[in-house]
Amino acid sequence: MKTAVYPGTFDPITNGHIDIIERALKIFDKVIIAVSVDSTKNPLFTVEERIKMISEAVKDIQRIEIDSFSGLLVDYAKKTNAIAIIRGLRAVSDFEYEFQMALMNRRLNEKIETVFLMPNEKFTYLNSSIVREVVSLGGDISDFVPENVKNELKKK
Amino acid sequence: MKTAVYPGTFDPITNGHIDIIERALKIFDKVIIAVSVDSTKNPLFTVEERIKMISEAVKDIQRIEIDSFSGLLVDYAKKTNAIAIIRGLRAVSDFEYEFQMALMNRRLNEKIETVFLMPNEKFTYLNSSIVREVVSLGGDISDFVPENVKNELKKK
Amino acid sequence: MKTAVYPGTFDPITNGHIDIIERALKIFDKVIIAVSVDSTKNPLFTVEERIKMISEAVKDIQRIEIDSFSGLLVDYAKKTNAIAIIRGLRAVSDFEYEFQMALMNRRLNEKIETVFLMPNEKFTYLNSSIVREVVSLGGDISDFVPENVKNELKKK
Amino acid sequence: MKTAVYPGTFDPITNGHIDIIERALKIFDKVIIAVSVDSTKNPLFTVEERIKMISEAVKDIQRIEIDSFSGLLVDYAKKTNAIAIIRGLRAVSDFEYEFQMALMNRRLNEKIETVFLMPNEKFTYLNSSIVREVVSLGGDISDFVPENVKNELKKK
Amino acid sequence: MKTAVYPGTFDPITNGHIDIIERALKIFDKVIIAVSVDSTKNPLFTVEERIKMISEAVKDIQRIEIDSFSGLLVDYAKKTNAIAIIRGLRAVSDFEYEFQMALMNRRLNEKIETVFLMPNEKFTYLNSSIVREVVSLGGDISDFVPENVKNELKKK
Amino acid sequence: MKTAVYPGTFDPITNGHIDIIERALKIFDKVIIAVSVDSTKNPLFTVEERIKMISEAVKDIQRIEIDSFSGLLVDYAKKTNAIAIIRGLRAVSDFEYEFQMALMNRRLNEKIETVFLMPNEKFTYLNSSIVREVVSLGGDISDFVPENVKNELKKK
């Protein structure tokens, strides 16, 4: 069984993330959605809230697991017997940061491969940070996040 | 009458901003310089100070209006009957961020078009942040900002 | 009346071009679709065929004019009393080439401004060359070009 | 069994290509190396020569198949029951071209996913074209291509 | 004697920095490693600690000097009779930031030239910030920094 | 004495090339302007014409030599006792191509360093190819090339 880890902050999960998860499931037998605990960013939602929102958002998708991790991503991947890390690539600025991380991860554990997938182009310029900004300014984010995430964002 | 909004933090306004405003006035009948109030960055100048500096710097330019706004830019544009948002494009890093914002704004209100203009190449690498840094290190910024802005920067 | 020129090879016109034309018409009173005669590329269609395909594809759009030009674009713009050149920006590689051309045009005639518009993201990676390639390999291009262009491409 | 197609011109195969093939085999059960016949470029080697060089270069690698194809890549992938197309990503310029092709392929057949892998950084700036140029200028290419390819290049 | 300044935060010095220093010494007679005191970033090491780590890391390299500076880099360069500023270029994102700084420095003192060197490709995606992050997550950084820096990082 | 080679097609030499030569002379004791004979591009001017135009254009600059070369650039650099290759960097697209060439040259001879210099920003988007195109379309190129080159271009 081939398992991949899809790591991220997921603060909150967006439709772009879900698009990547569904594509990864075409390639891998199992995908672990792994919420980073150590992220240095000041998060809007707690790790628990983020996991709960993900669980609800992907409850109809099979062959996935939701978890959190701290420490090195490659150590977490090894522990869970994952052979690959999944990353979505949208834009040139993504590209360089992602390559830096992928090369570093390869140096730290050369057995774990990083696999890049391309989201639907309608999600090209979507990320959690712009979603949080639009909500805070009073904009409608129905196109960008699942229904349950939209509700949680409105509460904040 | 065709009106465009030129939004920004303008902390402070630079000669690059003024170059874009003059180009926008060739295309549009009126340009509203709109200072963003909600900007998450920690500003050097208050919104009032920024508006005052802009007023002085562009006092000889016709067909403009200076204002501040909070909330969604597209809502502000709609309220002021603007048909377009003006953005200056200088470098590849601008490009991606600006496209993200432009696509998001289009999703939020498809009637407002974002129009990109190219500043004079001598302003290619100029922005408010580098101006603030050079001033704080004791450098001369006469080439980069209007006289009145230079004086205000020295006071800070 | 504010007129803009939208220059290109249009070999053939795609839905991405039409998207840009419609956006330009929100800003300008008239848009001249100007087919470049001097293009060094080896075209699939003659200038006459290209103009005929454009005419058919945009026959329901008002306030446009279709023409061909040779020589410098800025000279053509001046002759037609256009105040701006319209260009679509899709990707980083576009960006640099377009800026080179825009700066050169500005040097040749500083009165003509280049205005960049962003197509619908579903056309982000569409251009005439990929359309010709897909057709030559037997692929379906219904999503990318108007019906009449599709028929002409099949004949070739 | 999960099969992926690794398409290319392979004119000639380089160590960078082989690096990607080995990474793809960590993820997929089988990888088909598919030499494009329709390539518009003027090739140095015939398709038969290229296939022969690949066969020799990867003769010790298991679970691969070498083939040529013409027509649409997604049609070839479907015919061979491949679920994915493998592409190596090295630099920003790759990124945009590859995304254009991947989006086009997705439009032509949404079931086939494009998977991007990152070569060893020592191959970051290696491609077949620069190898051919260095050989033609009398340079040593031992680091860049397998031994048998080096010999064939010297003969040309 | 031709002197160049190699400025930076060096928080901490990495093997990538040392690679650039050695390349610069092929071109220049003397290289001054200049630690920026005014850096707005919240540093992990004090300026004194950073200078001490550099001194130890480059103790076998001739024709260098280690110093700290505050104020404008071009003023420091002038004071030390340096004719050039050395910068390493690794990726596209570097490129734009570095060009902005180089153009600004040229405006502030046109006599000081900025010279860009390319590190070994194995350092392409290495910087001080990723080193600090990997250490904080418990990863091994032996490949990225000199032995003495590794020990200091572990203490923090 | 420290010598650098500035290689290129110089078809024809532009003011941007001359700007780079003058900057290189601040760093190096001698600069050899080396016209590539093997260039695969279909040149407008013969090698002899290009050398003659360069000689005239830089006749008032000291410490330079004008030459042509065939074969590998690093072999030519070694033969002339040059320690470095000079390249101008203007835009992101330059950046990637130049890095590919620089890495390849480093592999072929690790003793020769490639040094990147930044032209005056007014030459950011200038190259020989756009100059040839503007001339062929009847445009004025006085700002882009030396007087003698302008006259030769008009003859062609």
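Labels for the chains are A, B, C, D, E and F, by order of writing; each one numbers its residues from 1.
Quick note on the criterion: a residue touches a chain if its C-beta (ideal position, glycine included) is under 8 Å from a C-beta of that chain, and two chains touch if they have at least 3 such contacts.
Because the structure is predicted, anything quoted here is derived from the model rather than measured.
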How short can a chain-to-chain path be from subunit B to subunit F, counted in steps between touching chains? 1
Same residues or different residues: which describes how subunit B and subunit E meet, taking over half shared numbers as same? different
Outermost chain relative to subunit B, judged by CA means, is D
Which listed pair, C-D, D-E or A-B, shares over half of the residue-numbered contact pairs seen at B-F? D-E
Decide which interface, A-D or D-E, involves more C-beta pairs in contact, and give its chain pair. A-D
In whole angstrom, how far does the Cα centroid of subunit A sit from the Cα centroid of subunit E? 34
Subunit B and subunit C have mean C-alpha positions lying a whole-number Å distance apart equal to 30
Which integer distance in Å separates the CA centroid of subunit C from that of subunit E? 47
When you check subunit F against every other chain, which residues touch at least two of them? 92-93, 96, 99, 103, 121, 124-125
In contact, pair by pair, are chains A-B, A-C, A-D, A-E, B-C, B-E, B-F, C-D, C-F, D-E, D-F, E-F
Would you mind writing out the residues of subunit E in touch with subunit A in their complex? 91-93, 124-125, 127, 130, 133-134, 136-140, 143
Touching residues on subunit B, where the partner in the complex is subunit F: 92, 121-122, 124-125
Given the complex with subunit F, which residues does subunit C contribute to the contact? 38, 40, 70-72, 75, 92-93, 96-97, 99-101, 103-104, 107-108
In the complex of these two chains, what residues of subunit C are touching subunit B? 2, 23, 26-28, 83-84, 89, 92, 95-96, 99, 102-103, 106, 113-118, 121
